[in-house]
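The structure follows.
Read from first to last, the chains carry the letters A, B, C, D, E and F; within each, the first residue is number 1.
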Amino acid sequence: MPLLKAAIIGGGNIADTNHIPALKQVADRVELVAVCGRDLGKARALANKHGIAHAFDNTLALYDQCAPDLVVICTPNNLHHPQAMEALAHNCHVFCEKPPAISAQQARDMANLATQKGLTLAYNFQLRQTSEWELLMRCRADGLLGDIYHIKAHFLRRRGIPGWGSFTNKAMQGGGALMDLGVHVLDLALYALDYPTPDQVLGNTYDLIGKSGGKGLMGDWNPKAFEVEDAAMAYLSFPDSVSIMLSASFALNTQADKDRNLEIFGSKGGVKLFPFSLYTEVAGELADIQFPYLEETDSQLKNTLAFLDACEGKPSTVCTAEQGAILQEIVERIYQSADKR
Amino acid sequence: MPLLKAAIIGGGNIADTNHIPALKQVADRVELVAVCGRDLGKARALANKHGIAHAFDNTLALYDQCAPDLVVICTPNNLHHPQAMEALAHNCHVFCEKPPAISAQQARDMANLATQKGLTLAYNFQLRQTSEWELLMRCRADGLLGDIYHIKAHFLRRRGIPGWGSFTNKAMQGGGALMDLGVHVLDLALYALDYPTPDQVLGNTYDLIGKSGGKGLMGDWNPKAFEVEDAAMAYLSFPDSVSIMLSASFALNTQADKDRNLEIFGSKGGVKLFPFSLYTEVAGELADIQFPYLEETDSQLKNTLAFLDACEGKPSTVCTAEQGAILQEIVERIYQSADKR
Amino acid sequence: MPLLKAAIIGGGNIADTNHIPALKQVADRVELVAVCGRDLGKARALANKHGIAHAFDNTLALYDQCAPDLVVICTPNNLHHPQAMEALAHNCHVFCEKPPAISAQQARDMANLATQKGLTLAYNFQLRQTSEWELLMRCRADGLLGDIYHIKAHFLRRRGIPGWGSFTNKAMQGGGALMDLGVHVLDLALYALDYPTPDQVLGNTYDLIGKSGGKGLMGDWNPKAFEVEDAAMAYLSFPDSVSIMLSASFALNTQADKDRNLEIFGSKGGVKLFPFSLYTEVAGELADIQFPYLEETDSQLKNTLAFLDACEGKPSTVCTAEQGAILQEIVERIYQSADKR
Amino acid sequence: MPLLKAAIIGGGNIADTNHIPALKQVADRVELVAVCGRDLGKARALANKHGIAHAFDNTLALYDQCAPDLVVICTPNNLHHPQAMEALAHNCHVFCEKPPAISAQQARDMANLATQKGLTLAYNFQLRQTSEWELLMRCRADGLLGDIYHIKAHFLRRRGIPGWGSFTNKAMQGGGALMDLGVHVLDLALYALDYPTPDQVLGNTYDLIGKSGGKGLMGDWNPKAFEVEDAAMAYLSFPDSVSIMLSASFALNTQADKDRNLEIFGSKGGVKLFPFSLYTEVAGELADIQFPYLEETDSQLKNTLAFLDACEGKPSTVCTAEQGAILQEIVERIYQSADKR
Amino acid sequence: MPLLKAAIIGGGNIADTNHIPALKQVADRVELVAVCGRDLGKARALANKHGIAHAFDNTLALYDQCAPDLVVICTPNNLHHPQAMEALAHNCHVFCEKPPAISAQQARDMANLATQKGLTLAYNFQLRQTSEWELLMRCRADGLLGDIYHIKAHFLRRRGIPGWGSFTNKAMQGGGALMDLGVHVLDLALYALDYPTPDQVLGNTYDLIGKSGGKGLMGDWNPKAFEVEDAAMAYLSFPDSVSIMLSASFALNTQADKDRNLEIFGSKGGVKLFPFSLYTEVAGELADIQFPYLEETDSQLKNTLAFLDACEGKPSTVCTAEQGAILQEIVERIYQSADKR
Amino acid sequence: MPLLKAAIIGGGNIADTNHIPALKQVADRVELVAVCGRDLGKARALANKHGIAHAFDNTLALYDQCAPDLVVICTPNNLHHPQAMEALAHNCHVFCEKPPAISAQQARDMANLATQKGLTLAYNFQLRQTSEWELLMRCRADGLLGDIYHIKAHFLRRRGIPGWGSFTNKAMQGGGALMDLGVHVLDLALYALDYPTPDQVLGNTYDLIGKSGGKGLMGDWNPKAFEVEDAAMAYLSFPDSVSIMLSASFALNTQADKDRNLEIFGSKGGVKLFPFSLYTEVAGELADIQFPYLEETDSQLKNTLAFLDACEGKPSTVCTAEQGAILQEIVERIYQSADKR
């Protein structure tokens, strides 16, 4: 089987530390041929660092000269839609950083075009590839949870407003804590439920700390330029009375600096994801089950492999274009709910 | 000042262990003259045990013969309304066990009649009198929390469906985990916010474990007679974007057997109530503040005193008739939201 | 069903604190009619204390005057055999304190006579009635352990040579740590294996600390009068290659003052008994299972009930006469192995 | 003093990471001249990596061309005997990996030839060189333990069947957990007792988990090719009633993944080896003594030095040929005992 | 031997809960004949409660009517001197509460009169009778500490200004934290050194918190009536360069509510008293020694026995009149040093 | 602004690992031109290693050829005075390692000359630049401590007598644990009090362990050549009754190997420095405040920057010449006090 030709679009940190190393580890399936970035010099430097042949500051030139089979999009959120549409138009599979886009319509358009073209569009929610999540899915499959009916999902930082990048810029990011952090745990919660669409969505967003300033744990941020939510709270209700409570924050007066977890409640058992704990009955007694030997995995590598499997038409656990569209619609409905207030 | 004459209506456990002992400790303000119960023999035995002069199985006889100034209602939830209305009609102040009633209309009627008669009607939410809650209110008053904008409140049991009493009987209790447990933490959450009425309410209720049966930690329950919710989840959104997440369960596949707590998030500081922890900034650094010497208090005694203060027109922290009506309406809206599903 | 008439033989501490209280709690099945002790005054005092009608210092008088249906033997080890034989001869069921006797032949004779008379003879190994052991047996029955092939059992004290009683007297006790402590965990180990007889037994006994003296944690003992083993170590090998490692000590230079536990290793799962932990695989991962809500039980009461069930021909978990004979034979083989050295 | 010329026989992992680095650190006493391996290319690569002059795939060529003074044998267990005999025949001192051999007779022959030739044959039991063991020996010498009469020794893995190498091959390894792991702690236990020969040996071996398969913590093993014991239990009884309980496992349903320890019980004090704890009496009270500043040592380097000391006729703590023969005989007696069942 | 007749002077709490119960436990040596208190009614009530024959409000009447052999003085500090002098004048042995007196001259006079009369005067420093202190003295005697050269002694409360009694009254108590708490640990420190007299004393006292008021953990105190030191710090230097650092507080901004300990540093070993830990070398390694089985003792009973032994001329560990005089002089020198500032 | 030319005097470890790396990080303010050491070869090697142009073994040549603007003195204590005086005479700012000198007069002379020349002389007490100390100073400035009245400061090692260098040489070092370790925490304590001069000083020094020998945790030391104190204890009393307790040791029979801390007691709050904890009242309750997100800082770099700020006349937290003279006088008074004994 010939190697797939791959190109990176967006030459920032996530390309350098996540996607390029992962792709280089799967050299038996992929040839990484080009990097395309806003700044040609930086793109070339990155390409050289990783031994990649070509560098561009222009995607059309990239498609023209390299004819990649797949591209990985690592640009700010507002560029995901135009760049993915262009890539699909050039018959490329697309592996896009999260969140899918900055509006529901964008994500829907992207999914539709991928379907129409018969190409794979997928999103990089790599928490799906942790040992904990894999075990959750195995427990679910083995019937250890019974029917899942409620999930609490949160991704909270105490003072984790990034002091760099465009994270507080509404136009480029489309939102704040929910868009950047909340989507990770929302994707998992939805995945555990086979990605349903909610009947009702209720949410609120906040920016009191972000706009006030203070001590930062991820660098110093500028409260005057803080345009997004520092916290988002939401409740989703689904058919059959299934429900999700979702909390996300860049800044919140809570204990932990970083607190990311899910609790999944089923009729037979409940799971706390990190560290993985299963609460159920064994031999007629209430039992707490720990799994002390779960391995840490390279979840980026595994998610890249899952994307490649999808491209090749194999079963895959990567977040699909359709799932991304559902998720993006929920995010939009949370913001709409919050905006009414 | 002459002593207030008090009578107990409902001769069960809560009267025996909470209200009568508390009233006997305030003998300088109250004379406990009678106990009225369904079963005259039991009522008399309880009266004898505590040295109370009279026993009745008929409230009209009680009012006729003893003319109490106040009554304490300790009967099942469905009797709160008729007995409180009757007591107010007989010009008695009323100290009623929680929840206020089994419908919003009942609680509203009760509040209206109390206002009309110029009498005190109050509910026994005694968590308000814990040292932790008093400290929370002092921190709030001292501005240590800034503006409160989000509260997470939960009262969860893993397998705490009571194996006795009428707790699983819908007609007598009006509901399950929300009605019995959730109201305690909901009252606190609302109190921290000065008891606003929500714009929107969204909730779900569950009964999968309750109806399936299994190991019980509060005796064995009968899954066939389980008519109420074993868990309730809700989200409340208030004006100015304030929000509450509420969780209550009799049975849930979670770690702790009993987990009752509130997290109160404000712009300056956040509080976890048990054990009381304040998360804020001190001297420009993120600070975690513990209070290792908070005393345990006799919260029933303090709540009884707060009720007496209210009867005498003094400032009081007891849950008022008006607050009870707001709370009961929220409970009803949660059930209505859940019933749609 | 008429009440069984019961008598206590041996008016010491174990009768006063364990057997009499347990029998009084089952007054719906047993009438406790007499106490028989060496010293008539003490026997009478004990009878009075517990409201028992008769006291004797002579078992023949007891049988003659009271005609009990069952007796409980609470005397030193060397009296178990003669008193049990006499009781069986008088057509009484016998509930005998552990160990069964001081020789294998005695225990065998007792079992034979019980069989011949069609009476119940049972031994008071009450650890069988702990929640932990009941859970072990349920796990075994549910197949969670697979085939059990090795058990480590120990009952170790660091300096627990009793400073009172006859515990260091060889003639009265028949042995030391093995006879007094080791038999408890040996009974459990054998019970988990359905009470097989070992192919081979190898053991050693020690008395260096007991004969040297030093600090005592259960009073001061007299090293000059120390005639028994302060520690016993043994290895038992059974058909199908099943094995047991057994350790017992009154005195040993080890960390814990009291360390009593069993580890049961099976092909599917392994159990550590205190606190109960199950080590196995769940959903394809190695799992540690804890049971945080095991109740403490009144194991003496439960064992007394188990004995009564046996007397009435019902299924029972009490240690039978046959099991006691097997256990006593193993104890004797351990001492014989040790004596060769 | 001229440098000793050394050669490595067996170019695998243990040579690469243990023996060669240790020998290079003692360049003032030893010149490492050659590596001999089955595969010449690999041997040469290893030699090059460490700057060693010669590489062979043939021991006769090695002896012929290099005439080493000593060899280090790092091959599979079944080659220890032929290679050691050959080396001794070529007048080389021999430092052999553990276990000594795969039969008692082999180890006895090797010891006899070494004696006959006046050469040093020693085995690499490097736990002897840990700070903990050195402290144990000092405590013993200072009389802090009194007479040692019982030792519990275990080396247990929960699921540590190696997924590589020949560890499950009976012909090459001679056995499983006992041969590979148990010998380490057996050597220490025997050493603490001055290496006596047991009067009696009783043991059992198991393979239920190894043959069933499942989750592996040291790679995945093939249950179909599993020919050795996954666990071995044994009891050794020595003159003067001294005893050892020995447990070793590749796979066992126990808590810890790796649990390697010894408990040494003496009349004056007892020691738990890891972390080193001494249980004794101080000033008339029971005392627990910890040693918080024990250094970690390079135990391989120290054992290599001990071997060199032995070669030079100096006092040494290395495991001698005679000790190795005694140990191998005990291992064989354990297997023989187990095979009867 | 005839019983000693004993009387209690001062009918407060310390008499009721400490001295009278202890004396009643030694009824084989002492007959407790009278209680003398300021208020005759209370004295009689206390006497009745404990079955003591006589009650007085006048010591002369006591001596006249009862002729006691010994008295126990349980009155405020300023009465210790007059009452002890009077008791000695009436030929009574005296067991006096701590501190000895409120001036050095008083304590010296008391000691001189006791010597002159050949009577026993002793002080109730009962920490001397704890298991920890007894073990310290045994370790010292066994040479485990070598030469003791420095001691750190502290008795600190965070907010433990008693809200009752005369503890903040300078005239009655003679001082604050040093006089009430510091003397306990100072007595131990001096005792460990064989009660030397210091060459130099340097100290400071404080009252900033006591005079400011705030949260109290031993009731509420009145900052306006706070006349004593809330904290005292001192350094004592003795011949041979031995030194003591002493810290005592009723109120200090420190973590623990009650922190009472001594560290004793010697050339061979050092001890932290609570929990007892010995830091030394064992077998050439630095060793930490714990004593997990120290018993809790009834230190008041043991100190009362020690006083009786002293009265009978036997060796005793009770604080003697001479030691009390030395201690009181040191306390006075600390206050004098502090007053200069 | 032109770069300052800097030279290092003393080419040992502290220059190599602390001062040179720090100076190289501030290359925008300083040009490091030379290293001067006793041994020219070593000085040159150090210069080469760090890319410094010149090396000398003679300070006069250094001043002659390089004309530095500042020098950093990294030599043994007895050379601080002559080298600083010489440097000031050559119009250089001086950054001198601690302690300032080996006598009070030396430090006073150095300060006077610096003042006279208008140059900066400062000492490298880098603990001032830890996050903990900066937070302490902010808390003090914010009034959170009220008036500080007592400080306990200690720097204790259990067996930390350095086995290298001149640390035990009285002539070169001027003293032992106090001179090397105690000065660090004494500087902080004085700094918290605005560097007052004590009214009274009382101290003791010891050398029993140092002269006896034993296990070392910082290499092996020679007890025969041990000329300094292994421990020093002191008490300082200042105007307004402020006091400091100071403890320092190279060797002491205490638990921790290294225990360095300060407790600062004020009228409003108290601080334990490591980990930083503030004990005070919040909202009327006793509160313990932790700061879980204090960053570790490069305190050497920050102290070097503080020195440069001082050279440029900016506000600075570096230890000044005047402070150094006060500190050195206190050290001398402690030794004088100890020498009387």
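Quick note on the criterion: a contact is a pair of C-beta atoms (placed from the backbone, for glycine too) under 8 Å apart; a residue touches a chain by one contact, two chains touch by 3 or more.
Not measured: the values here are computed from a predicted model.
Among the other chains, B has the CA centre that is most remote from the centre of subunit D.
At the subunit C-subunit D interface, residue numbers used by both copies make up over half of all numbers present, so the two copies contact each other through mostly the same positions.
The distance from the centre of subunit B to the centre of subunit E, with each centre set as the mean of the Cα atoms, comes to 51 Å.
If you average the CA atoms of subunit A and of subunit B, the two centres end up 43 Å from each other. Residue positions 159, 215, 217, 284-286, 288, 292-293 of subunit E each touch two or more of the other chains. If you check the complex, the residues on subunit C that touch subunit D are 146-147, 149-150, 152, 158-159, 199-200, 202, 204-206, 208-209, 212, 214-215, 217, 231, 233-235, 237, 239-243, 245, 247, 252-255, 263, 265-270, 272, 277, 279-281, 284-286, 288, 338, 341. Across the interface of their complex, subunit C is touched by residues 135, 138-139, 142, 144, 278, 282-294 of subunit A.
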